[in-house]
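In the two assemblies presented below, chain A is common to both, partnered first by chain B and then by chain C.
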Partner chain A sequence: MVAEKAKNEVNKKYAHRTYFQMVTRRFFRNGVAVTGFIIVASLILVAIFAPYIATHDPIATNPDESLQPPSAKHWFGTDQLGRDVYSRIVYGARVSLFVGFISTGISVTIGIIIGSIAGYYGGWIDDLISRFIEVMMCFPTFFLILTIMAFFKPSIWTVLVVIGITSWTGVARLIRGQILQVKEMEYVQAAKTLGMSDARIIFRHILPNAITPVLVSATLSIGGAILTETSLSFLGLGVQPPNPSWGNILSDGQQFIQTAWWLSTFPGIAIFLAVLGYNLMGEGLRDALDPKLK
Partner chain B sequence: MFTYIIRRILYMIPTLFGITLITFLIVNLAPGEPAALDASKMNPNISAEDIEKLRKIYDLDKPVMYRYFKWLKKILTLDFGESFKDGRKVLDKIAERIPNTLILNILAIIVSFAIGVPLGIMAAVWRNTWFDKITTVLVFIGYSLPGFWFALMLILVFGVKLGWLPISGIHTIGAEEWPFWDRFIDLLKHLVMPVIVFSIGSFASLSRYMKMSLLDVINQDYVRTARAKGVPEWKVIYWHALRNALIPIVTLFGFMLPGLIGGSFIIETIFGFPGMGRLGYDAIMNRDYPTIMAISVIVSFLTLLGNFLADVLYALVNPTIRYE
Partner chain C sequence: MAKKGEVLLEVNDLKMYFPVFKGIFKRVAGYIKAVDGVTFFVRKGETLGLVGESGCGKSTTGRAIIRLYKPTSGEVFFDVPEEIKEKIRAYEEEGREKEAALLRERYDLAKMPDKALKPYRRKIQMIFQDPYASLNPRMTIGNAIEEVLRIHGIGDTYEERKKKVLELLTKVGIREEYVNRYPHEFSGGQRQRIVIARALAVNPELIIADEAVAALDVSIRAQVLNLMQDLQEEYGLTYIFISHDLSVVRYISDRIAVMYLGNMVEIAPANSIYDMPLHPYTRALLSAVPIPDPEIRDKKKRIILEGDVPSPLAKPSGCPFHPRCYENMGVICATKVPQLEEILPDHWVACHKVSKEKDKIRKEWEKLQREKKAREGVSEQEAGAKSSTSKSKGKRKGR
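After this line comes the complex of A and B, so read on.
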């Protein structure tokens, strides 16, 4: 209560604003953050309203119109089977965003649980987990993902699970460090004295104070996951044709690079924009959430 | 310092053990069998007994842990076995690929440092000017650019449209007969695009890192003191501040070690570049277990070693750090 009171006095000027309002305000005043937000929001809208935005069926082949350059009918041209590249890219947004969100959800959940256990309990449990994280961090991640993917039947589900279970170490480390910092603070001691359960202390009292850096890292890792998914699909180990993914369109593009420039140019721009959007938004969030800037 | 290094080396042993165990388990517990075995099953002339014999040769009839310790004992003497694909020694296959990947990555590191460090310094010195803003935009573009797409775009423009550069491999077919200088120029031409692709991501993060580091130092007391006693501004920056700002940059060399040898799986594949990354990709596609495990262990070990070197380098160049 005393700490709360002091905080209120310091923030008297901003007393009418909640923390959330202050963060949003800082976020939307930052050009980098807003650019990222606009890119990401447009991509999400494209993914949701894909059937209305696309001009053709993304899977329908048309041998009479194969490998046509961009035109009024086919904005981004057609591929070797006469499919409309623009429509395939629009539907590809669904795949990429889906993989990005779900795999990041998986990795953040695993990271939070493992990191909390290590940080809160300490001792040999922490030693064991930290060691395991250290081993995991030494592995060349993309090679590891490729190896695992090669053993399973490639599909969008294997892709997102494999990305999820191989990329939780960063979050686990972050959470562990944060918990070590706040564990000894008075309010946690007070909660312990009041006889609260470990799980309640972790989830109700510690995590809300440790979550901000995780939010930033999760935003950045959605971009990373999209990059990994498109790379895998590009190599033929991810989303399988005829389902459209930016990665497998690009792989057709490589095959026909001598004759069809549009096939390798447009899907790449989509990947680049998605990754850029999440990177900018992550940076913007970091600045907005940084308490040092208050 | 000496005891610190010894302790760190001892500390690496259990981690290394964990690396070998996980590598082995992932490859050996995965469903499916080596491609060679799969292929023989397809062959109608091979009987069930022959397949059993093959399984015995690969020890596939023994428990996993038995195979693990047998493999571990072998790799401790740097014997990674023979490739399932062509029966050659894995270590030989790796050894012939390392020089290619090494030359590519050394060039890329030189290029990214030559561009990234000065750019970062200028962005810090002229912070909040138009120069800083343009650099920030370039940096964001640089590390959001998907390397494999960028590679395709370079191939499209300089290889296909303009025809200036060769799009694949490391030398022109028949180049063995050419005089030395022609061969050298030919090699350089093949390296231009891969080097650009490798540099673009690292130059971006490097310049950002350099900028942050220099900004940190510029706000230190001793820099203010130097200014207060009338040291000219250029000397404050390049003499007092920069020397200390470069300390964290030195540690980056450690983190570059695994990439230096391990290469990049996807970029090397796109350029048909005969390096370690390409070898790893081919091994995965052929389910060549011994090669997959060897590459995984070697690159992980290099990462571990790189982290260790980064710490030691940091301790060496930063006299304020004492390990007791």
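After this line comes the complex of A and C, so read on.
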């Protein structure tokens, strides 16, 4: 009984707010972050529930109704083949988010692994990796992607893999620099003198302190990846018609820009909102992850 | 475990060289001799002050002992019985290198493989200079201390460990309610207390404090120093106190070791070194300590050294101090490295000039001791008459 009471006493003093709880709390108190979060969350919902939200079949053509302006039947109008632009944009959200998440996932994973190795081990390994990164960075990414795409059959998978493997260099450099800096901190040395294992030092003490900028840059680069996919689709190297993607809707729209403004305006707004949402969320995340800000 | 007064840590001829690379092929262009043959010992329960100017290798010595660096050569024995040290030396003299090396891997901290170090990580702890950088900013202080208890298997359950954390915090004067706070929510002095609590968590025997109070305010500095002294009393801790601040070192140390350019130049009991500094460098160093009383200050002559400390990349031959020494005796100082010699009781000095004049110095010392005794006798009588006044300094130490 007494022991139980003493235990409660100890636990009360510890009344926890975990790091995760603290971060979420700070994140949701930040107006900018919440705005970004709402945009991104609604895009994700739209992508998941596309079949229920769309009013028409996005691929079905209807020559009778080509190039109709926005109306009650076709909210965002129709394109030159009579397809409903609203439904195409709704389905296009799937492609955009898919490309954004997966290709960023690929590039961040590669970047963190390679950058951490370079930063933690240093020496000739670091030299080798850093030179390789510099060589990679010499190529303009977009033209590199165009070149690689020329060798493969254009599809959504090739797009996201190619974006992923060409854009890890920034992340790698970022995390390498962070690790170099954190590695020399006295708390890492203290951890060594306290007898902690290498794995514990890396995962508990170095990575959590090095990863924040990477998380933030990852959110920001989702926006970048969406833009790259859009550009590729615009150039006809990304998602192939008749499948909709924001990029190819925009690309279709450009020939009718003087007669049918809705064809290029609505996908443009969608792209703008998505990129804005991720950027706002990234900034909010950066503030929320900093323990020094209350 | 060593008893109070016995030798706890013995460091012999410790060397720590850092290679300097040059060019794209990383050719070794030379070595920075940060620590170049340092020998000393620390007794159980005492505080050894390690002083010297920036870059003289005092921090490197501490870090090499705790094996943040692997020493280039030399031996570091921590709590090793004399018989084993003798056995190792005997083996080496007999040429039984293999057996000696095996024993060294087991007992000599300088030769021990990394994996075998873990038990010593409990026994030797280090407190770093910058209290802002020595705590992980993403862990609450409670978690940071609990983690240490967990990896060393102290306390069986999480509950037990949490209780221990609260005890430790109370011990160093941090309120229990602060256990879930993050390091940035504390002041420098508080953080240093937390770092001390973390070091105490593993029940260490030796704590190496590397400029532990240098970053703190003067008033906070005294508090932290007093805390360290109280903890020393309570747990029988041994300290190596690394500092460039002579007044701090005088306050806390039983013995003081002076380093210059990677070498130990003088090591002696604190009283002895302040009453009668022998090495020319120590004398210059002590003459630079500011004295608040203008009358005493004006009487004391300030020794000003010429030139700068040479680079540890290109150390002078012979005595490392000879190019700047005002007692330079010429050839011998420039060619022969002086070894530590016991000039006065427990007072070791590495200087050719001092060794030459040791008889004169010993006589002076005896005279000084006699005078001091006489003075103390008088003051004790006075004190007796006024019925126990100012004993504050003795009280502090004796508590």
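Quick note on the criterion: the second predicted complex is superposed on the first by the 248 of 294 C-alpha atoms of A that agree within 3 Å, B and C clash if a C-alpha of one lies under 4 Å from a C-alpha of the other, contacts with A are read in each partner's own complex, and residues count from 1 in each chain.
We take it that contacts are C-beta pairs under 8 Å (C-beta built on N, C-alpha and C of every residue); 3 or more make two chains touch, one makes a residue touch a chain.
These numbers come from a predicted model, not from an experiment.
With both structures placed on the common chain, the touch criterion links A:A47 to neither chain B nor chain C. Of the two partner chains placed by the overlay, neither chain B nor chain C lies in contact with A:I114.
Residue contacts after overlaying the shared chain place A:T193 against chain C, while chain B stays out of touching range.
By the touch criterion defined above, A:S264 lies against chain B but remains apart from chain C after alignment on the C-alpha atoms of chain A. Residue contacts after overlaying the shared chain place A:A225 against neither chain B nor chain C. In the superposed pair of complexes, A:F151 makes contact with chain B only, with no contact to chain C.
When chain B and chain C are set side by side, the one touching more residues of chain A is B. By the touch criterion defined above, A:A210 reaches neither chain B nor chain C.
Those residues of chain A lying in contact with chain C across their complex are 6-7, 10-11, 13-17, 19, 124, 185-187, 189-197, 200, 204-205, 208-209, 291-292. Of all residues in chain B, those touching chain A in their complex are 14-15, 18-19, 22-23, 26-27, 30-32, 136, 140-141, 143-146, 148-150, 152-153, 155-156, 160-161, 258, 262, 265-266, 269-270, 280-281, 284-285, 287, 292, 295-296, 299-301, 303-304, 307.
Residues 32, 131-132, 134-140, 142-144, 146-148, 150-152, 223, 227, 230-231, 234-235, 250, 253-254, 257-258, 261, 264-265, 267-268, 271-272, 275-276, 279-280, 283 of chain A are the ones that touch chain B when the two sit in their complex. On the side of chain C, the complex with chain A involves touching residues 26, 66, 68, 117-118, 121-122, 124-126, 128-130, 133-139, 142, 147-148, 151-152, 159, 162-163, 166, 176-177, 179-180, 182, 184, 195, 198, 202.
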